[in-house]
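For reference, the structures are reproduced in the following blocks.
Next come two complexes, and both contain chain A; in the first it sits with chain B, in the second with chain C.
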Partner chain A sequence: MNMIAPPAVTVRTGRWLGLPLAMGIVAATLCLHIALGAKFVPLDVVFEALTHRDPANFNHTIVWDLRLPRALVAIIVGASLSVAGALMQGVTRNPLAEPGILGLMAGASFAVVFGIGMLGLAGNTAIPMMAAGGSLGAACLVYLISRWVPGGATPLTLTLAGAVVTAFLGALTSVAFLLRENAFDSYRVWLSGSLAGRDLSMLMTAGPVLIVALVVAFALARQITALAMGEEVALALGVRTGWLKAQLLVCVVALTAGSVALAGPLGFVGLVIPHAVRLFTGSDYRWIVPYSAVVGAGYLLAVDVAARMMFRPAEISTGIVTALIGAPIFVYLIRKRSR
Partner chain B sequence: MKLLIAAAAILGGLLAGPVLAQETRPFEAGNGTIGVPVKPLRIVSLHDLSITLPLVEFGATDLVVGSHGRLEEDKVPYIRGAKELYETSFENTDIVFLGVFNQIDLELIAGLEPDLIIGRFGNDNDVLPNLEKIAPTVLLDQDKLGFFGSMQAVADLGGVLPEYDRQFARYQAQIAEFKRLVPNPADISIAILQPWPEDGYIAANKEYYALSQVLDDVGFSKPDLIAEISDSSLDMSPEFLPEVDADFIFSTYEGLYPDQRSPDEIRAAFEKVVPGYCTVLQACRNNQMVFIPRTPIYSSSFRSLTTAYQQVLTHVAGRAFVPLAK
Partner chain C sequence: MSTTVASRWYVVRLFSERIALRLPVAALLWLAATLALLVGIIAFSLTVGSQPTSLDEVWRTLSGETVSRTIDNVVWEFRFPRALAAALVGAMFALSGAALQNVTRNGLADPSLVGVSQGAGLAVVALTVLWPDAVGGLRPWVAFAGSLAVAVLIQSLTWTARGASSVRFILMGVGVAAMISACTSVLMTYGQIERVLSVLTWLSGSINAANWADVQMLAVWSAVLLPALLLLSRSTAAMRMGDATATALGAPVRWVRYGLITTAVGFAAIGTAVVGPLGFVGLIAPHAARRLAPSGVGLHLLLTATLGAVLVSLADLVGRTLMAPIQIPAGLVTDLIGVPIFLILLRRAARRTAL
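Let's turn to the complex of A and B:
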């Protein structure tokens, strides 16, 4: 039966079946995230905590107040950054595009640091707003620089402009640190990308924005497939490319800003996941976007488990682990592209 | 005319004599054996808290021509520790502000024409080759020297060792008095914890400058997890909070940090890192958690040691407490 089935049907069936399977794996990773951590909590105690919480039991506090909020943040940030990366790769037709490499994360981080340290702004509303402003500003700057150089906004010039803007904003962030050393002592780990110390209050603010942005991304996925084939093809297929790009820019900025507000600049997630997903889905963004969301959520959950367990009783920044995994993949992609 | 120039040169040489032709002696430093002036007149300090402050404390303020410092919120530079403990600042002395952490202005140092530069081994190694071109540079290996060894070395370099010896003897008497008042200090455990809410961890401190020095010298014990730390502190996962519970817990607040200005802000920070932390820690449940200002008990100085001594004496020796169940 299988032998006579058309390949397209097999692939489509695989994709449909793969999605709930991936979601099942994410659910299993979520359980793992709650069960494992810096401190060993027996599984029966974890179950008891989830079913009959006793506020006086510290193990229950660990499960409910330390691990569960962190897991929820990991899920939404992992999904958001992965989808942001996928959208950017589709729009720019640049396989190296992701919020970190194209300067959006540096923009968001700088804006948050500047807002907190120089303007004294803080709080669950101000931080995502500052991150959004910084992210949008950096995106515009990268685009303008790449348009300005000879050859226009090619994948290479976009990547180089992203590197320039990231370096520039990184330097400005360092200056802000020097000027207000004391004010930023509390944000050392956050700036390396961390899920530690996240409570649900920031998630309540940034979460809805991220969810809306993800839904919009799912809705636009079909048109991104056309756009990824080239501007002319997309226009021929009736896609209003200018309007689509504007929508996607807002989407990517929202996804990046919300993620940075929640977890600081977590690098390479948006690069690694869409590429991994393409191995299975091919180049159809109707599949790349939802798969990126699911796999990205699971990936960040798994990475965070490792970050919490590797150096117990200390924890290392999740961003360090994502960079350790992402950097070699980035180099591999550059090598592959240069051949 | 030639005669006039020669006379000026001789006069100039005589005036510069004390600086140029100083008697030197060898000094064992982290960066090797350095020939240092026996009586330095123009010292540059590359760290406020551990070098400038002891020099101020031992009466050598006038010898310091330049120092590392920090910036207050309004960007006014200050000498941490010296400001809080001795009201010594860049404004009311001739000490020149050289820059903030790892951003020392080398040209400014050269312009001050120091006869001795004191820095920290490990931290200042990168700039050592340039510093050595300006003046004899001593980098103190503070990890190796320890709290008193570092202060003693600074006093020795500044030519104020007798003052160090006098204050050290006084401190030893204080510790002896403490031991008389608290006969079995090893039975009392004390932890120094600091919450970092934005980064989601609790710093469990094995070493905390003057405060931990007093606790160690008296002979108090620490929670096992802290005692086993190989470094000076551990950025500990909040999941381990019960493991660092103790008879007494000390935490500090610091007016210079925008989010740590008061005991209430430190309590709020603990609550953010671990919701319900106070029910977890018996020290907190029994009101045996002590919040004290940081710099006065944190600095490398005998005044900090005395302040820490008085605080610990008041809170630990001065009252009955509920011991942690062993």
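Let's turn to the complex of A and C:
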């Protein structure tokens, strides 16, 4: 009787099997997301609408014009933010790294608010561009601050610098709001991170960029594993670390900016998902990155359902729910690290 | 009675040296100077606004004369309580920061950064949105309970087998603050719109609406809390040398710590209850006081209080004049000033302890 199963092979098949399983769960959540809402659309009607659209059927209109765009936004934003968080955690070797905590979201939001209010920019191309500029600026600022502090860019200094830059840009955003109160009324909801009222036009612009950035992230994943082991190890393994970091920065900025343009600042998604994924995949980024994308998509779909259903008929912003779930996990991670 | 000059301290010896007082001259001078500055700022803030008033008219109004019905009304009902509230609130936040920094022995502690102000905020928003019929006088108590709960939560989360420590406390505060803000946002989106609107300006730290009742409450609470803090300050001096030394010197370390947390929370909670969360004042003022003049703990606290008062009075003045008629809440102004200073402090703190 052979009691010893070959462990490496088991783990590998587990990882391979997990991916379609996770995708299946995402698909189920997607159906749930489309079915639930102010008006319940039965699941068989959802399938019928998706396969044979009948423009005269009211339920089909709801599915195609309201629920489906929102679900697609949730999927792509959830995947993008989770992958961005995973990349940042790999590069900075900081378990608390995430676009929200390290100030990239605040940079993007501030740039968008400033661009709309002060420069009069608007539109589907201008908003993602402004968001990209803002998050790039914030990323550089946070990095420079944490380098400037003696001791260098440690997890602690990076996190503190991120918190402080977020506070500063948040105050500037509030001032911009106060100065142009009427212009911003419609952005109030957006600024708390919401998927409500999204149409497909912004998705058409930001979506392709996000997909390209995701593909690039998948391609770079192998080298991130080396980088996460430390700069020297990565160099010894033949990784051009400087070039890789530059590519990853562009990738993270694109993922963050596109997400902010689509859904506003959604905090803590990029923190929670990679950590949850790591429980299953271990520390190999070839697995962490794709799993983060799939699990992140499912997570944001589920959170969005919760945000719509919790206090019916009122709807709370999705960003609030992600913070409510994410902040305790942040606290847990600090506690675990410092033991 | 004889007096001698020692390099930085002025030593007063009484009753043939049975009582000797070391007076830090520089600190006393700075205290007088900041008090004068405070009076100057308040005087100036009484003259500016949509109804410009000359200093002479303000002076005559304050001394009881009726210059004109409008000026009388503007100065007594709007500008004067607002200026006093700004000064008092600034002093309270500054003292709260000083006490928190002493307890945590972390120079980066500030009531708004570590969630204590957010705790008060959540409690007050909950009261306003969920039980709007509750008595307004309940507000400071509710704010106090909210802040205290958060302070206890963070302390217990920070404390591990290796003991409580410095920067982790701040990081923990950042996380807890994020969660509490999210809870507040839930109430804001879910609550009835007219109740929400009434707390909206309050939440960004605005002194617009301060009236005499607020000033009275602030003054009463300061009169209770400031002596308590000064009483505790003797033991604080010993605790700066570490818990073991302080215990050896006879300081009741545990009780002093509880006392300091309670007063810190009290100051922050009452300040927040009146004007909303004001960031970074509690961080800057104690450091500035220490930089300006070396002094004993008690005088340091007084200097901290006057500096905090100057800071918030100035922030309020700038906020309401810079972009007039739009009023920028003082809380936003202190955030904008506070962040660069926080970074400088972070750099200095890191150099000393290498984080």
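By our rule, the second predicted complex is superposed on the first by the 321 of 339 C-alpha atoms of A that agree within 3 Å, B and C clash if a C-alpha of one lies under 4 Å from a C-alpha of the other, contacts with A are read in each partner's own complex, and residues count from 1 in each chain.
In this section, a contact is a pair of C-beta atoms (placed from the backbone, for glycine too) under 8 Å apart; a residue touches a chain by one contact, two chains touch by 3 or more.
Please read all numbers here as calculations on a predicted model, not as lab measurements.
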Inset, instruction - After aligning the two structures on chain A, examine chain B and chain C and state clash or fit. - result: clash
Inset, instruction - Determine, under the contact definition given at the top, whether A:L178 touches first (chain B), second (chain C), both, or neither. - result: both
Inset, instruction - Give the label of whichever partner, chain B or chain C, reaches more residues of chain A. - result: C
Inset, instruction - Please indicate which partner A:F168 is in contact with in the superposed arrangement: first for chain B, second for chain C, both, or neither. - result: second
Legend entry - Which of chain B and chain C A:E231 touches, first, second, both or neither: neither
Legend entry - First (chain B), second (chain C), both or neither touched by A:A327: second
Inset, instruction - Scan A:T159 for contacts with chain B and chain C and give back first, second, both or neither. - result: second
Inset, instruction - Could you tell me if A:R308 is touching chain B, chain C, both of them or neither one (first, second, both, neither)? - result: first
Inset, instruction - Check whether A:G37 is in contact with chain B, with chain C, with both or with neither, and answer first, second, both or neither. - result: first
Inset, instruction - Please work out whether A:P55 is in contact with chain B alone, chain C alone, both, or neither, and reply first, second, both or neither. - result: first
Inset, instruction - In the superposed model, identify the part of chain C that clashes with chain B, out of 74-82, 128-136, 182-190 or 254-262. - result: 74-82
Inset, instruction - State which residues of chain A lie in both footprints, the one left by chain B and the one left by chain C. - result: 178-179, 314-315
Legend entry - Complex contacts: residues of chain A adjacent to chain B: 37-39, 55-56, 58, 61-62, 65-66, 120, 178-183, 185-190, 194-199, 308, 312-315
Inset, instruction - Provide the residue numbers of chain B that touch chain A in the complex, in ascending order. - result: 70-71, 73, 75, 100-101, 103, 196-201, 225, 234-243, 254, 256-260, 272-276, 279-280
Inset, instruction - Please name which positions on chain C make contact with chain A in the complex. - result: 108, 113, 157, 160-162, 165, 167-168, 170-172, 174-176, 178-179, 181-183, 185-186, 189-190, 204, 279, 323, 326-329, 332, 335-336, 338-339, 342-343, 346-347, 350-351, 354-355
Inset, instruction - Flag every residue of chain A that touches chain C in the complex, lowest number first. - result: 96, 145, 148-151, 154, 156-157, 159-161, 163-165, 167-168, 170-172, 174-175, 178-179, 192, 267-268, 311, 314-317, 320, 323-324, 326-328, 330-331, 334-335, 338-339
